[in-house]
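Down below is the structure, laid out as structure tokens.
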Amino acid sequence: MQRGALIAAAIVVIVVVVAAALLMGGGAPQQAPAQETQQPQQAPAAGGEAGKTMEINVGFLVDLSGPTSDVGKEYVKGAEAAFKYFNEKGIYTSDGVRVKINYIKRDYGYKPPKAAEFYQEFRDRYHVVAIVGWGTADTESLSDQTARDKILYISASYSAKLVVKPYNFFPAPDYSTQACAAVAWMAQQKPGATVALLYDHKVAYSKSPIPAIKAMAEKLGLKVVDVDLPLKADEAAAEAAIREAMKSNPDFLWCGNTIGSCSLAARAAAKLGLDAVMIANVWGFDERFPKLAAADVAGRAGGVSPWKWPSVADPNAPGYRELFEAAKMAGYKPEEVNLRFMQGFMNVWLLVKAIERTTAKDLQERGGEALKEALESSCQGEPIKLGDITPEMRYCPGNHLPFKSSYIVIWDGEKFVFHGPITPEGVDCVKATLEGG
Amino acid sequence: MPAGVFKETYLELMGFLRYPIHRYSALLAAALLAALPMLADQFLVTKLAFYMVFLVAVIGLNITVGLAGQISLAHAALMGAGAYMAAWLTLHGVNILLALPVAALTAAAVGTLLSLPSFRLKGYYLAMASIAAQELLFYVYQRWVAPDQYMPVNPDAKMLLGLDLSRGPGLYYATLLVTVLAAWTAANIGRSGLGRAMKAVRDNDVSAEIVGINVTRVKALAFAVGSFYAGLAGGLLALHLSAIDYDNFTLEQSIDFLAMVLVGGAGRVVWGSMLGLAAIMAGQSMLEMMFQGNPVYRYLLLGAAIAFFVVKEPEGLIAVLRRVKEYLRLWPFSY
Amino acid sequence: MAVDVVSYIVSGLIIGSVYAALALGFNIVYRVSKSINFAHPALVLLAAVVAYLAVSSGAGLAAGVAAAVAVGAAASVAVERLIARPLQGRPPVSLIAATLGAYYVLKGVSMWLGGGSIPQGSLYASGWTLRLGPVVLGATDLLAASLALGTVAAVAALHRFTSIGVAMRAVAEDAYGAAAYGLPVRRLTALSWALAGVAGGLAAVAIAVKANLSPILEAYVIKALAASLLAGLDTVAGIVVGGLVLGVIEQLVMYVAPMVKIGPLDFAGFHEAAAYLVMLLVLLFKPYGLFGTERVERV
Amino acid sequence: MPPALLEVNNIEVVYHPYILVLKGISVRVPERSIVAILGPNGAGKTTLLKAVSGLIKLDRGRVSRGEIVYAGERIENRDPDDVSRRGVIYVVEGRRVFKEMTVEENIEAVAYAWRGRGVDPDIVYKYFPRLRERRRTRVGYLSGGEQQMLAIGLALLARPRLLLLDEPSLGLAPKIVSEVYESVRRLYEEEKVTILLAEQNARKALEIADYGYILENGKIVLDGPAERLREDKDVREFYLGVRGAEGGGYRRAKWYRRKKRWV
């Protein structure tokens, strides 16, 4: 019985803690759920409400424990630095009301059921107006739901399918348009070249730009071959894929996976003596690539990037200056600011831009819908610019493709060389993907 | 047994709600569950409904593993069979309520196929065979069933007489109804002749065969029934989600299901499953809320709690509950 | 064509030997405790993270290997002491559930060491290659394969040629009988777990060399679980055969898959399922593995 | 009475959690003697030996009352390896040898337990020479008699002072049984061990034993020097299968059941 009493006590304690967590919401940032209505209620919506503040809740869905947690961690650092930075600097609606963002961070471990669960929590418990999200599959499968619930969704996935969804935004060309830029670059380098497309044939993210690449290649007279490269490739699987690619004697390789398998494929290509330039998509190539490939890939490895990386950009240029300031404020060293960090920062910044284009009343009454319309006002009105990081961005209803140009980044053995920006011409890459897949 | 209550027939003794307190608490629970959307906030209601989906799946696995002793690590894949069937049917205009039983039967059919290895294998080997089945089905989903990674569910098929079953109270009541029916049936399976045959097979299948139980049939049924529940849960998942992603049905999810059964209490089909689900799935979410965005503590605490309870209570959390119940029954004079 | 196949097979043999080393940990624990040790994938992950941290701090690969072995052994012994020993004599499912708990803990520790998540990184860089006709072997191939095969061979030799190894086998076969003859069963059981941890640590380095450290490293360990069964659980030789067969099947399927199309079905990535298909067939027709001894059921 | 090598005083054994198996058993094994515990299946012979050797722990059982004194020390509820280290070795019923390993490996494994104490692996071959010919054979392929010999041989490696033999005759052909008992007798004489022997085969056991206890349903119902037991009417009838002078075996058996004269 003594033991029963102990266990009973333990259970009571657990229940109390859990209940407290449920009721109070646990961490500090979200202790004021859905208070956006309080302050502005007293404030008439007409402009000039300087001095007033309101709070909004934003969901922040991240992967810190799943298969993409490595880049996820950097992305989270950047986004959190941005939340902190803009909150402290002050975010003002167009009528001058200061907005404070409470973000609710949830690690869903790249598991869709968890994403769905946390989405419901964001919506029903915190009544969020926007979500800063992560992967392709979860964002795509939630997109219809967010449209119905009228929640702005800014994801780290740049899938073409999201371009036509009413509530999904991102500050980049979609994967297809980026890939088309890569194909255009390849055609420039070597007309009539053969491109082997290495990607996991089973994964939405990897497959996403393939129809567009094929359409673009056909237009530019390049030959393409499909090769399956598993997203979870080890060296042996990567070698098999490279051997398969070598059968068609390619001049270029496109790697559509994430950096893990792309770097192993580059290593395998170096080992097997395939003399072709690999261009990986945006999540397949970053500062760590040469180290991960751990082989001589100089001049033969590169990737697409819609923006100049912080490591090569002028830190005092507009946009990059804010980026580095935010990093400094959050306690990071300048060399810790990498591409993934910047991607997180940019997504939050885009949200801030949306808030700055709404009025307090609009935001309070219509929430996500107001933010969506604020971003879409860039279609006809003044374009959105995240400093010099992006060119002018215009989001139009039914077409959330903000701009089309991308850089091609090549590792030359010592540094990353940026070519471009290149804007793919002649093919509607988004349309090609939507129709092809 | 409470004092003053006497059972005169075997039928009474085996009754489902044997004692007045059972009847009262069942009534109270029913009233509470029915009134919940009026009492609690939307978030809790939706979340509870979402957990019920997985509860149905865990109950199914508890029948296969707990009652019949057939270790299965393919449960998530079976859930997938139901989910995809339901989603596919809705895309062809079939109402989700009609799609649910079809989904369950589809999974049951697949599950019966998966019972084949169990006729010859046990323990570790059977577990491995089910892992193989899980991975094969996963490949089929990835490549052939849902090559776009997810299959959308038709929202128009989730309406019943103008009530939207995919959100709010509609979703809650629809899920609740299915879950309660499923749990009720499951609790009764354990007390039926089939349930006893399953337990006999679990405890010693050679002896069971000798006393005249058709072991092959019982094993096949154990898989069929367990998979039926998995399929039902898959159908419910289609009701809850706007798209069915194959990453819902990974080996990891299957392992999680097994952990829920073992941690909760294998063989205690309803209560054990509920406790296991609460400990692992709800526990994970709550830890995530407490240490938001820091998965390290979530893993450490959850893992330590599981290991601790299993070592201290190898029969699962249900044994803890029994102990607590016993303690409270005698409280404050525990001797 | 035929020449082509050879290089696929060689690749398969190399990765297969790593699978064998990864499977060894499952096998040793299964034999001594009669249960799947679900903590093993996380143990391998932890050892790989530790090795990576040691290597990236500039201590060199040898230090990385040593650190991985030490951490693997320590973690394994801790699981034995805290979980397996108190559960001795309980049904195997208890141990399965409890090691799942240990899996979470070890994964949490790995993430903590990695600074909040599992880092991504390579353990060994070299451009050195060896060409033997159509077959190209890289330094990573030789390193991983020799580490893996060395691990398996060392464990096999320990089990066969040393008294303590023979005693460990005796305990694994019949702990009760061993106790009756005065063997220190507890100590030998703990030693077996430690050995599983050491093997896990070495295998962790091998797989991290072949596949880089990444959050998906565990996936290979699960795959190795399949290898542990392919040839039956009784012998270390079985593990080697199982691992190699698995590796070669994967590679052959990769070789064949692009050419096969049945109606609307194509087989890209089928190698991930092919190994399991073979395993299922083996289990259906040879229930105790290709070389496993059939057990006679007694009531 | 001089203190015996092993004294079991009024012990009770329970298995987890409440199953009472032995109730109030007392057994005395003097140094340099063979004591036989006789009784039918399920009487508790094995439990008694397990309780002495400590192996009962592995079955989640324990000695709940009474004491077991070996060489002046209490050993009840100790770990099995602790007990065996004191020289008490238990040869488990049913030829518990390591069937997946060769004879040599069996010897090597058990010798590991006694390393540093001057183990002589040849002692096995000395008493059981035919094992030498088969030393490279997997034990699973040995005959039942050879396995039993190996089991006893392995126990010898420990140089035991007290050997607990559990049913060495179980499932063996009569000729082999005699051979096994021959060897037991021989090692008793040459190795100076004390033997506590549990047997159903009362005839064989009483041939070599000095003293015997008869155990039924967890209680000792009769004990005495071997020669007296051999002459006892009931023992002769029920254990040795010799029909009594009065005849009418079945009727008398019923009478015996009714009368329970030993209780």
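Miscellaneous remarks
We call the chains A, B, C and D, going by the order they appear; numbering starts again at 1 in every chain.
Note that contacts are C-beta pairs under 8 Å (C-beta built on N, C-alpha and C of every residue); 3 or more make two chains touch, one makes a residue touch a chain.
Since the model is a prediction, treat every value here as computed from it, not as a measurement.
Hopping across touching chains, the smallest step count from subunit C to subunit D is 1.
Most remote from subunit C, judged by the distance between CA-atom centroids, is D. Of all chains displayed, C has the C-alpha centre closest to the centre of the whole protein C-alpha set.
As a whole-number value, the distance joining the C-alpha centres of subunit A and subunit D reads 75 Å.
Subunit B and subunit D have centres, each the mean of its CA atoms, that are 51 Å apart.
With centres set at the average Cα position, the gap from subunit A to subunit C is 36 Å.
Annotation for subunit D: no residues touch 2 or more other chains. Counting partner chains per residue, subunit C shows two or more touched chains at residues 111, 116-117, 266, 268-269, 272. In subunit B, the residues touching two or more other chains are 142-143, 294-295, 298-299.
Here, these are the chain pairs in contact: A-B, A-C, B-C, C-D. On the side of subunit C, the complex with subunit D involves touching residues 88-89, 163-164, 166-167, 169-170, 173-186, 234, 293.
Across the interface of their complex, subunit C is touched by residues 65, 71, 116-117, 120-121, 123-125, 127-129, 131-133, 135-136, 138-139, 142-144, 204, 206-207, 210, 251, 255, 258-259, 262-263, 266, 294-300, 302-308, 310-311, 314, 316 of subunit B. The touching residues of subunit B, when paired with subunit A in their complex, are 41-47, 50, 54, 142-143, 147-150, 152, 155, 237, 240-243, 245, 247-248, 252-253, 285-286, 288-295, 298-299, 320, 323-324, 326-328, 330, 334-335. Across the interface of their complex, subunit B is touched by residues 30, 34-36, 38, 82-83, 86-87, 90-94, 96-109, 111-112, 116-117, 222, 225-226, 229, 233, 265-270, 272-273, 276-277, 279-280, 283-284, 287-288, 297-299 of subunit C.
Looking at the complex, you find that subunit C touches subunit A at residues 4, 7-8, 11-12, 14-15, 111, 115-122, 124-127, 129, 136, 138, 140-141, 207, 210-212, 214-216, 219-220, 247, 250-251, 254-255, 257-258, 266, 268-269, 271-272.
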